[in-house]
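Quick one: the structure is below, and I'll ask about it shortly.
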Amino acid sequence: MTRYLGYRILSSLVVILGAATIIFVAIRAVPGDPALVVLGPSATPEQVAALRTEYGLDGSLLGQYMHFLARMATFDFGSSFRLGMPATQAISQAFTATLSLALAALCIALMIGFPLGILCALRPNGWSDRIISSLSMTGQALPSFWVGIMLVMIFSRMLRILPSGGAETPEAILMPAVTLALPLLSIIVRLVRSGLLEVLGEGYVQTARAKGLREPRVVGRHALRNMLIPVVTVVGLELGGLLGGAVIVETVFAWPGLGRLLIDSIAARDYSVVQACVVVLVLGFVSINLIVDLLYGYLDPRVRVGS
Amino acid sequence: MITRPADTLLSVDSLAVRFGGNEDAFLAVEDVSFDLRAGETLSLLGESGSGKSVTAQAIMALLPRNAAITSGRIVFAGEDLVSLPRSRTRDLCGTRMGMVFQDPLTALNPVFTVGDQIAELFRVRQGLDRRAAWLAAAEVVDAVGIPDARRRLDAYPHQFSGGMRQRLVIAMAIALKPRLLIADEPTTALDVTVQAQIMELIRDLQRETGMSLLLITHDLGVVADVTDRVAVMYAGRIVETGPVRDVYDNPAHPYTRGLMSSIPSLEESPGLLAAIPGMPPNPKERPSGCPFHPRCAFARPVCSVERPALRAMGDRRKAACHFAEEVVRLDPVS
Amino acid sequence: MTRSPEPLLSIEDLRVSFAIRSGFLRRTKAEVRGVDGVSFSVMQGKTLGIVGESGCGKSTTARAIIGLETPNSGAISFAGERIELATPKRRRQLARHIQMIYQDPFASLNPRKTVEQIIGEGWLVHPDLVPESERKAETALLMRRVGLDPALSNRFPHQFSGGQRQRIGIARALALRPRLLVCDEPVSALDVSVQAQTLNLLAELQHELGLTYVFIAHDLSVVRHVSDTIAVMYLGRIVETGPIGPIYARPAHPYTLALMSAAPVSRPWAVSRPSRIVLKGELPSPLAPPPGCRFHTRCWMARARCRIEEPKLREVAGRKTACHFAEEVVAEAAPIGTP
Amino acid sequence: MTTMRLRPQGIGLILGLAITVGTSFGPVLQARAQGAAETLRVANPVAIVSLDPFGAKAADQPTLTVAQEVLEPLVMRQDGSIVPWLAESWENPDKLTWTFHLKSGVRFADGSPLTSADAKASLDRLIAEKGPLAGLWAAVDTIEAPDEKTLKIRTTQPVGTMLSNLTMLGIAPAAKIRDTAFFNAPYGTGPFKVAAFTAGQQVRLVRNDSYWGEKPKLAQIEYRYIPEVSGRITALENNEIDFTWGLPPDQVDQVRGSQGLKVESFPTYSNYYFWFNSSRKPFTDARVRQAMWHAVDFAQIQKDLFPGTATVAKGPIPQAVFGSSVQKPYAYDVAKAKQLLADAGYANGFETTMMWSSQCCTAVREFAETLVSYWAKIGVKVVPQELERATWLDRLLKLDWDSTLTDGNTLTGDADFTLARLYLSTAKRMGYANPKLDELLLAARAELDQGKRAELYAEAGRIIWDEAVGIFPLDMMVHAAYRTNVTGFKPTPNAMPRFDSVSKK
Amino acid sequence: MSVAPAAPSPHAKSPRRGKLDLRLLVPALFCTLYVLAAVFGPFLTHYDPVATNTSQRLRPPLTELRDGSLALFGTDQVGRDLFGQVIAGAQISLTVGILTLLLAGTVGTALGVLAGYRGGWLDTVVMRLADIQLAFPSILLAVLIAAVLGPSLVNVILVLALTRWVVFARVARAQTLAVRVRDFVNASRTLGASHLHIVRHCILPAVVAPILVVATVQFGLVIVAEASLSFLGLGMPPGTPSWGISIANGRNYLVTAWWISTMPGLVLSALVIAVGILGDRLRDRFDPNLTTR
């Protein structure tokens, strides 16, 4: 187990290092100059040069890169040109916001998706299955920015019961979370449905029935646990995507999360924050995958290494 | 009207099971009747698609969703299971009827320890507490010949060999001392030597507990080894039934006869086998009249028109062939 | 006695092992000896039956002959040529002489190709064999030969029954006009009535085309029916081999004896055979085969010597067997046959 | 035996936990302000990411909007003219020297007195940070604080814009000026001080009770960032906020009709302008530039796209700016435009590009698309290029463009800030070089007499306008919308609303 | 667990072929409609993205315009006919969808098959790259590429292909791994077939079906992604009648002109749903295992 974990952590590090390198190069390859963005259209070349020195951008690229890596090891990304605070500080607020949003969305998706998926699988091709399945198809197809806009139009503009954006009040998380949850919810419904249908045809489910167990127990205990395995994998992947993919929802609802911070920081060529964002997002992604792997081992004793 | 001996445990009467909906519906089992007395062993013998497994599933209320019993009765210990609600039949499963499945690998839930799965029976069905259930599980596992039972309860199914897994499945089936054990191809997935071990185990258990055994198999040898009576199925129907020796030595149905001559023996048997020509019919397109007639060497015009009924041949045998008397008089199968 | 002619296939001390890899660098953690020192030979036009339980190495042997496994050591000679030493190109050329029939007729046919494409696939690889213009006719011929209606040549495998699929597999093998057919459990997935048809077909083909078979099965009756000689394998080794008659009449290895006694027979009352021996215990892990005689852990006759000294294959009563006490076994075993 | 076993209840527990975390995410949530009546809730259209007006954000309107309530300048521009503020008076001993006398009795919110050292430190830091406003002070030679109340600034050349520049310099305590933490909750001599600040999200100001001037009526001001226009309007209508501004022109009418809401529109120092790259063909020819101008009916555009929210421009800088002048309008005349093109040798039109920054200004895309549509009618195919701001800036400064549409803000309210900064040939902003213009602009900058400066700028403006260095279509108005219970709001043309005089019923 | 039905008879018709499958037909017709709209629509509506008409802006659906034409979906914020815009948008969306999938599908499938078939270090490298790609926020790539190259059709396709190849590579690799060890592949090897032959005749045919299914799912996602990029101002250049741009344009007019965002959104969603249903049905039909069992 430890060996396997070691391997996974090592390959995660490779991924993080790769991503960090890519972003380091890419953000510098993009036209535009952080100093220039700060100074605005009135800047003179001398001013720009002076500010670049101030920012430590005048050294060799390799030197900057080594410096970046060295500091990254201690989770220090330098200070933000735009915000005038350490990048990690800027990140931490945004990360909390994004994580809250992602978790809220995940909870909504799981809490609604699971029962609906089970409902579908218990009566495949019944009317409830057809309705839920087609709704879930729709949920997956709707572009989230459009859904967000429509939600704002309905709940904020017409009904005036929810704030249209921001994160000041607890209920403000509802619409962005629902918007974000919608595609995930659809995926979960379909995964649970197909997973459960598949599992329900398995021999051990027959065995459980032959043992005289009641259907709720057969489904709830014997089938569900086995079905969780593919669901966990996909949900993990999706959650990893949610962290970085919430940009649109964050934009529509002015949610002060990582995605927005990333977009704003790129626009400002705020190198340190961009790099920090990417590293944190990638770190989040690989950690989630690692957790999924461990969970996988927990859910399925067959893949437990060393047992 | 069929008279039943007093000790009849299971009686299946004119059972028919339909698969699929509307257009592609077909009868997987048709007009199947047999009795099983307490302590007796009956084999349902047939090739794939003959309806033998479906019959077992119908008895255990384990038919897949797209299947339904369309007619007939299944009387178990005096109760008609067909008219009972599914939940009541389910109650009988485990306690009064146990089932052993073909593939021990898929029959066990891979994510729970075997102890969990066996103890569950005692906890849920008998209301034992966790500890007592665990002890009872250890006892059963020990009874099916798994060494070091107490310790191995903590293991997962994948940590057992195929033969051991089948023992575990059997343990689950007999844990609550059912009066009827249905074994659906219990040895097909196993090696020859393991197969022998498992059949011996089933026989021993049957001897000890006096339960009845309904054995479903395609293996003529297994049937001969363990059973008193055999019912040969073809295309969803029973074509012949009777004591194993009588049926094997002097088949009354051409299909049984064909089967007997299809298998090579351990002795020298030069030349070609007397194989049955053609293939078993598709359940959706069964031939008219006697379903076996296209493959039958004895077929005459009447066979393609009129379906032969399962009729008595002497007091213990029945056969569904217009010319059963002729067939039975042929030279014995060598 | 005249000196026997050159065998078509001969295998000398074949060893095949699988590496179990794991860890970051995929280092070999352990080796499983799938086949551990197997030797046999088959004469042109004859059938060698290989029996044994799952994990005994019989399928691995087959795959090594066919080139799907690379032997660690040993020699595989086909018509006098060492095929395991052949270059990949030569090996591919040789492929047309050595073909295989697979156990699972559902898995061994490409589900996305028509019967015609499947049967003709070999001609794409060996284009000289049949000119393009004649392929259609040749396919029809082959299909008729194996008992399939050539009108079905545009169907896909899933539209056929198991027995028919096995016939397609046979036709595919025959398309290359091979000399040797390796049959890996060709009938074990088939129903009894279809199994008989298939066995008959194989017998007819052998008779007509002078084919040589290596026939792998776990069903002793089937092996008896088709084979001239037999090799019984246990845990990667041959424990007994020789002509079919003597071995079936009086096994000289306890394992063979146990197999014979356990084999289900359709009418046990009509056959006399040793009383059933139910082997105790489990098949040992091939990762760590027992020392001495590999069978000793399950053998009711095992003595101290068996645990230490590995018995060699030696001539006993008209066959070769690898048991220290083969003579005792032969003497004890009741002959099998009609009482 | 049961160690590794997680029951379904366990999974439920995890779910529950996740929900709790998901809905009660601490740092994001801020307690609602208490004392709603004395709290003005403001939604700013652009995020306030920093409260430090000396560094990178020295010219950042969101930052300055808040900073102006907290840090006060030496002099202030009120109703177009400069009035003393923290400086009581000033004089020029010579053309290169400015001496300011600070008001006495002014204290910072922490009780420490205001001294000239604070003013010096503030200006020193602004220059040292090399931020966007540092350029205004390029001519500064020395800054001295000979005594606590006197500040002496010496320049290397006469600086006519000294006073207007000073309006942009808020004075912060010298002791804190280099303390980055200070700018998370800065205070100064102003009527308010910062109580809480979450970058990019919200700022809460509380009244500075020891303020030296007239005490503000509001106890608190809350700024929160709502980027979506509709979101801001909704929030206003739903009484989630009291005040917002920066509404897009065509939403204003709808808000005006809303009950309980009031909209105030006022002219600003900002305008839209469209520059030609006069160093690139075909815009090297003034006739082409003029033709483009004549081809567009700006009056119509103003009426349709900017109803009551912008005015057709009368000169290259907005009329509210010191130094502005009224020029002769370009008529919408397609025939004339075509004629001019033909004269310049482009009878069949030409193809060119127009870039703008996506973050530029309200309705910029609509505006740009409309322009493209007009120009198509005289045979000029203009390919629109909407660029990210950083890229736009990059290309702008590299003169790597044909034409660009953008907005300008004369932050200081002084023509110099726009004209001398951008139109000097040495600035190389739009490839236009005219020695006469250079001469006028430099003279105006060095002139301390404001009357003379105004004349010089008027002349410079005429050249820029007539030569069509760019097209100056519209002067912007800003629309502040607020609930009717907000009173006392006085619009300021720098588009940075102040709330010291505001009260809430 | 053998459930009754026997081996299919040789006379069994190939499954469902020839029978009208409404659930396949309806979405297919729907998609065809979009294709027709994309191909011929512009000829019918004469939509000119450059022709703004500010005096006719923000007209609600079904308004008769001054020139007598009917604005079916209303007009947008600069007075262009929204219906024409949406029709023209179909062309863009379909173009982006198809080209992106072709690019990503080809590259991804090739890499996936190669990685799965060859294994070893090649597999490791490709899969680590895929990991990085997956972990790397795709929006970031879009921003970077848009910033470097500027918004354009080609760049949108590049960005989207860059973010999608992984999906194809993973599916292709998984399928390759699964097929590679199947007996029918062994059978081909036994025939003496070369690697090229095996990949061409055994692996690729098996990979195509799941890839097609993935492609239908991805098609919808790609179209939405294009719209999202355009919505963020990172996709198509302004003035392009992309659905995403139309929706984004309408964002500021939710109160005064709801139709600007709503109409293209509905049209977009309808297409994606239709493609999704189509993909589902195709999956059912393509998979030879599903059709036989």
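Chains here go by letter, A, B, C, D and E, matching the order in which they are written, and residues are numbered from 1 within each.
To be clear about the criterion, a residue touches a chain if its C-beta (ideal position, glycine included) is under 8 Å from a C-beta of that chain, and two chains touch if they have at least 3 such contacts.
These are the chains along with the protein names UniProt gives them: A, E = ABC transporter permease; B = ABC transporter ATP-binding protein; C = Dipeptide ABC transporter ATP-binding protein; D = ABC transporter substrate-binding protein.
It should be emphasised that the depicted structure is a prediction, and the values quoted were computed from it without experimental measurement.
Across all inter-chain contacts, the pair with the most C-beta pairs is A-D. Using CA-based centroids throughout, the chain positioned farthest away from chain B is D. With each centre defined as the average position of its C-alpha atoms, the distance from chain A to chain C rounds to 54 Å.
Separating the centre of chain A from that of chain D, both taken as means of CA atoms, is a distance of 36 Å. Separation between the centroids of chain B and chain C, computed from CA atoms only, is 31 Å. Look at where the CA atoms of chain A average out and do the same for chain E: the two points lie 22 Å apart. Among the residues of chain D, those touching two or more other chains are numbered 228, 230, 388, 390-391. Chain B has residues 48, 64, 101, 103, 106, 279-280 in contact with two or more other chains. The multi-chain contact residues of chain E, meaning those touching 2 or more other chains, are 1, 6-10, 12, 143, 147, 251, 254-255. Across the interface of their complex, chain A is touched by residues 4, 6, 8, 15, 18-19, 21-30, 32, 47, 49-50, 52, 55-57, 59, 130-132, 134-135, 180, 183, 198-202, 224-228, 230-231, 234-235, 237-238, 240, 359, 388-391, 393-397, 406, 421-422, 427, 429 of chain D. Residue ranges on chain D touching chain E, taken from their complex, read 228-230, 233, 248, 250-251, 254, 300-301, 304-305, 358, 365-366, 368-370, 372-373, 376, 383-388, 390-391.
Of all the residues in chain B, the ones that touch chain C in their complex are 47-48, 161-164, 191-197, 200, 218-222, 224-225, 245, 248-249, 258-269, 272-277, 279-280, 333. In the complex of the two chains, the chain E residues touching chain D come out as 50-55, 57-58, 77-79, 143, 146-147, 150-151, 233, 237-239, 249, 251-256. By the touch rule above, chain E contacts chain C in their complex via residues 6-10, 12, 14, 182-184, 186-194, 197, 201-202, 205-206, 209, 288-289, 291-292.
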